[in-house]
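This is the structure I want to talk about, given as structure tokens.
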Amino acid sequence: MDLILVNLIDGLVTGLLLFMLSAGLTLIFSMMGVLNFAHASFYMLGAYFAFQISLYLGFWMGLLIAPLVVGVLGAGVERYGLRRVHQYGHVPELIFTFGLALLIEELVQFIWGKNQMPYATPEILQFTAFSIAGNSIPAYKIFMIFISVAIFIGLLYVLTRTRVGMIIQAALTYPKTVEALGHNVPLIFMGVFGVGTALAGVAGVIAGPVLGTFPGMAFVLGSIVFVTIVIGGLGSLWGALVASLLIGWITTFSKAYNLRMEDLLTWLGFTKPQPIWDSAWRDLWSITSPQIADILPYILMVLILIFRPYGLFGKRDA
Amino acid sequence: MTDQLTTDPTKPAQRMRAGSLTIPLIPWVLAAALVMILPFIFTANSAITIMNQMAITIIFALAYNMLLGQGGMLSFGHAVYAGVGGFACVHIMNMDDFFSQIPLPLLPVFGGLMGMGLATIVGAFSTRKAGTVFAMISLGVGELIAACSVIIVAFFGGEEGISGDRTYGMPFFGVEFLQQIEVYYLIAAWLMISAALMYLYSRTPLGRMANAVRDNPERAEFLGYSARWVRFFSFVASGFFAGVAGALFAINYEILTEENLNTTQSGLILLATFLGGVGFFFGPILGAIVFTLVQTVLSLQTELWAFYLGIVFVVTVMFFPGGLAGLLMMHVPAMRLGKLGRLGVPYVKTLGAGAIGCLGAAALIEMTFHLRHASAGDHSMTLYWITFESHTILPWIVAIAVTLVGFGIARRTAPALAEAWNDANTPDGAPR
Amino acid sequence: MTAALEMDGLKKSFGKTEIIRGVDLKIGKGERHAIIGPNGAGKSTLFNLITGRFPQTEGAIRLHGQDLAGKAPFQINRMGLSRSFQITNIFPKMSVFENVRCSLLWSMGYRYNFWSMVGRSRALTEGTDEILDQINLTARRDLPAGVLSYAEQRALEIGITIAGGANVIMLDEPTAGMSHSETDYIVDLIRTVTEGKTLIMVEHDMGVVFGLADQISVLVYGEIIATGTPEAVRANPKVQEAYLGEALEAH
Amino acid sequence: MRTTTMLGLTTALTLAASAFAAGADTVKIAFIDPLSGPFAGTGTNGLHQYEFAAEELVNKKGGVLDGDMFEIVAFDNKISPKESLIQLQVAIDQGIRYIAQGNSSGVANALTEAINKHNRRNPDDRVLFLNYSAVDPALTNDKCNFWHFRFDANADIKMDALTDSIVSNDEIEKVYIIGQDYSFGKAVAAAAVRYLGEKAPEIEIVGNELHPIGKVKDFTPYSRKIVASEADAVITGNWGADMVGLGKSVLENGFTGPIYTYYAAADGITAAFGDAGVGSLRLVAEGQLNPPPNDRASEYIKAFKAKYPDGNLSQARITNVIEMLAKAINEAGTADDVVPVAYALAGMEHESLWGGNLMMRESDHQLIQNVHIMEHTNDVVFDHDNSGFGVKVVKTVEMAAADSPTTCEMRRP
């Protein structure tokens, strides 16, 4: 069916966007061993910065500059914040990033106010790339796919084919040894944190126009990003990719098709209580898949954590 | 080395031994007296409402700290246990026949049992691991139950929540709990009972082992304890007291809604607990008090309250990971040495100036905010009881000057404070 | 009479690497048994297998005749086996007293008790103080364990290990990283506190081994190549060839 | 340590109770709505409209009774029912007798219950609840009480008008209903199904679904379904970011028919839609801004925009609240005893600043008024969000649902 193809593309866009966030987050996690709760906040900052820049210099300069600014900010947070908290242990680190997320949200409201920003896609991309059975695929979506894939390939190349990548990979596993070899490990950490947040910034820049640029955008996406990397396996780049796409497609398809709990329950052999409106289970029977599409990732995560605590691609001891 | 080990073993040990056998009663008596007297000092209904809220938050924060501080488990979804306890209690309030058979003061027991029941189910799988896995499961379960609150309308009442009437319960010695003050004493009684029970819990073998598992789960396993079951029992106990807090919420507000369950609520209790300090039993109490005041009182003064709270929180995590309680307890050595007084003047000099600097900075923030977001014709603003024009240059100069001078003095006097601090923490006669 | 601890064809592999390649060993009750061997011989792995930290790949371990397969560390501990660690493994934020008290709780039958106050139990306090006395840490009783000196922490580690009253005590390099005087002190300590118990230890310091042990097993590349009294082991040519050589001559 | 805590507590609680002294010559109205957090924009804008209305419509005309002025006292409820109840208590302690609230039916529900209980338990300081925006039908039906007055048309009344408009449009044969998964979204969907079934059974409802509230990141899959269903019109009760997200996504994916909404104007939404919404977005609401109903209204809007250039006169009904309250206080001859004021309000008829008559129905305290269907266009005199776009009335239902049934059984003191 044509609609399946359309949904596959839509899900791919969602998934790849999620991947841009989770890639940075999982890099940071494998480096510092801490989940950065403020990661989605950097995504939001990316969107806001790009919006502000686009007012003066246009969308493309925003795409170029905003992630850099976000990356520098991120590196600053690592250098002056996290590094300090690191000595107290993991839980305070987690709590620090949690507080930072709150603070950034307040800061954004302080500067830009509470309303949605009129941040729009560039005019050059405002056309329909192609249509499948009457469903138009906007050019901007193709552009999003293109950017995400380019970033993934670039990341993979840097990590596995370059000297810098080797040093980073080594520093992730054996920081002490790498330090002894004369590399500046704190600098590497700061750099990785900066790059990770810059990636989130890129995601913000390209997602801002389609998903909306408003103070709640980090909160909406925030926890789903952790869910992604937990499902994928903490610290695994491939896991992040697979989990992102999985979540993208699961949510897209469950929204696109009205699967009803009633059918499932009947199939399982339950009989519908009558009259239904008077039953304590009425809400369970009336659930449809679009209703719960966005909480499915949480269900998936809890199940995975119960049966495979290290995620799909994670190492056992990670 | 060996002479270090053979110092006279009797003296300090004897002193401390007495301490570990008895439970200090004086603070508890004082606290109870304070709780009794407070409504006579703050008689307004709104003050009592705020104190009720405070007491509920204290119980919840203490319950939360059973996990975070004592068990080392970071939960991002603890609101659901309080929430579900509260929802259960409202449902009980609405069961006319049953509710008229039980006195209202017993209702929190049901809330607690409900919270405990849910914690038993969730804990059965979430406590197998601590750390990130536990945190993420708590987040996932929290999000799930919060999402259910708008889907499962039969129990959670949707976005409007469900409401009941506390006065339909069996009169308790003639008291029907029509007035806020009666509710206050009910909540206060539960506050004292819950706090005492939670304190005593931390002194039981299980409570001690919770600390051990927090510090070193592997070692605890080699002492015969299953780290998982220790965590599980802590989790269940915490669920009980969270449920009690939820029940008291139900009694005080007579309504439970989605906001009692959502992740924001879970995040706030983490904030309050950490702000107060997770390392000491009374930390969460301080945190809950300060936090409630900020939320209900500071928010009347400025709409930027959450911004300030965010700053304070981040600064706390960065510089005072022990929270307020940790800050206070830092003074214990100096107090033992009887040299606390020596810190007074330096404190006034540095912290006083620092506080003025903070007020100046806050003024700058408020003025910037007013400049950016107030309606265009609206140039006058009121700050610290002074009304002025935010678009003229003078207030800015004043605010900047106050900020700079305040922080400047604080910085200047900081070395003296550090000196005084060292002095106060060094026994007299000891080599410096 | 069943042995205190018995290993039967014990094997352990990590991935494709076989670390323990079939260990058969019987340790009798009341024996003081040292396991020695060159670095990488698998001594610590053997310890971890016995105490349930890792599951074995093949073979059986029996404690007082009971199979330990699939048992978690805490279950093994409850059967009367207790261990110390090569890297100091205590509760650093808790006081010395609490460290020891925690290790007494299970054996004194408190289990998951949440209705009685630990401070109220005279037996518990006295028991703890007695242990502290034995390990000479009474003066350090109320300090956080994390601030103790290294040797004191090692002493505490041993205290925690013996406190539960286990009759099989396993010590993993109890004197690692210590000066001579510290070592002497710890050896004396071990000798007194393990009186009447089965002691199994891994140790590099031959002075300690020969001072404490009445049986020695030599583990090389995951296999026991010799077991016997110190004298017998010392005289065993295989051992001399494989590992001891000069070290023993020098003694 | 305890002393410091005590000190802090003392100062703070004194602060909380400090504004005790109720002014002798003011009638205070507590405005309890979100002033911080995600909905602060809407709340603050509402507060400005209240302050402006009180100043312009009452105080400049000499106040009520013998010169008592209206004063709006703002309380931030962070859109939380719990905080609302605390602030309600603070307001009552300050001697305030009139409570205005509008954002979120959940909060309104909590408040109306709490006020009902409070008035029963404390007959000496009763308060009135002036609900200016919460549209859950239950508030004037099953959950009605004597102290609650609703000045907005409720969700059912609006849907009645909205479906009238749909039925009169011959091109609409298939309708898609989508909304947020909570009480209001469900109420909208249920009302749409009911009214369409009654009025035009031939119109096919090709989709009726709910999505999680505030959690959807990307509405594309929903839009695809809507487009694939070949619906001619969409009905949604969405608000805030969910409204913008859904609307933009539906339009982007090639939907060209009308989108009937409740809340697709002002608060940044008008600006966010901009040109894209022209020809599609329809809004059902009271209060006519375009074309300007009369000179007085035009003057009022101009004066408001002069004072709040960034503000929106988005809730026209607020002027009705202020004018009718003033009238009721004058009729009752007292502002302190709310019972006669409530009796004066119930059944009151009034001519709105925005044209048309108003009638506060006595049986359920629901204001009966003209309800308009408006469209999003740039052909306006007064725009929203300073975007050049605004809403223009295209159809009016006079005194909508004046004889609609109610299940309210009101107990009067």
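In order of appearance the chains are A, B, C and D, and numbering begins at 1 in each one.
Note that a residue touches a chain if its C-beta (ideal position, glycine included) is under 8 Å from a C-beta of that chain, and two chains touch if they have at least 3 such contacts.
Because the structure is a prediction, the values reported are computed rather than measured.
S.K.: Any idea whether B-C or A-B has more C-beta pairs in contact?
M.R.: Per the contact counts, B-C leads.
S.K.: Using mean C-alpha positions as chain centres, tell me how far chain A is from chain C in Å, no decimals.
M.R.: So the centroids are 48 Å from each other.
S.K.: Any idea how many Å lie between the Cα centroids of chain B and chain C?
M.R.: Distance between chain centres: 43 Å.
S.K.: With chain centres defined as C-alpha means, what is the inter-centre distance between chain C and chain D in Å?
M.R.: The separation of the two C-alpha centroids amounts to 74 Å.
S.K.: What whole-number Å value describes the gap between the mean CA coordinates of chain A and chain B?
M.R.: 31
S.K.: Of all residues in chain C, which are in touch with two or more distinct other chains?
M.R.: none
S.K.: Quick check on chain A: which residues sit in contact with 2+ other chains?
M.R.: 109, 113, 291-292, 295, in rising order.
S.K.: Find every residue in chain B that makes contact with two or more other chains and list them.
M.R.: 147, 151, 153, 304, 306 - these are the residues of chain B that touch more than one other chain.
S.K.: Pull out all the chain pairs that touch, please.
M.R.: A-B, A-D, B-C, B-D
S.K.: What residues on chain A touch chain D, complex-wise?
M.R.: Those in contact with chain D are residues 3, 6-7, 10, 13-14, 109, 113-116, 118, 128, 134-136, 138, 210-212, 214-216, 220-221, 224, 251-253, 255-256, 258, 288, 290-295.
S.K.: Over in the complex, which chain B residues touch chain A? Could you list them?
M.R.: It comes out as residues 68, 72, 74, 125, 128-129, 131-133, 135-137, 139-141, 143-144, 147, 151-155, 263, 267, 270-271, 274, 304, 306-307, 309-311, 313-314, 317-318, 321, 365, 369, 372-373.
S.K.: Which residues of chain D touch chain B in the complex?
M.R.: Answer in residue numbers: 1-2, 4-6, 8-10, 12-17, 20, 35-37, 40, 44, 48, 75-76, 78, 80-83, 85-87, 89-90, 92-94, 104-106, 109-110, 113-114, 117, 121, 136, 181-184, 186, 212-213, 215, 306-311.
S.K.: For the complex, which residues does chain B have touching chain D?
M.R.: Spelled out, the residues of chain B in touch with chain D are 27, 30, 34, 41-42, 44-47, 49-51, 53, 147, 150-151, 153, 158-161, 163, 165, 167, 178-180, 249, 253-255, 257-260, 286, 289-290, 293, 295-297, 299-301, 303-306, 328, 375-378.
S.K.: Across the complex, what residues on chain D touch chain A?
M.R.: The touching residues are 37-41, 181, 209-212, 214-218, 220-222, 224-225, 227-228, 241, 244-245, 248, 252-254, 267-269, 271-272, 274, 385.
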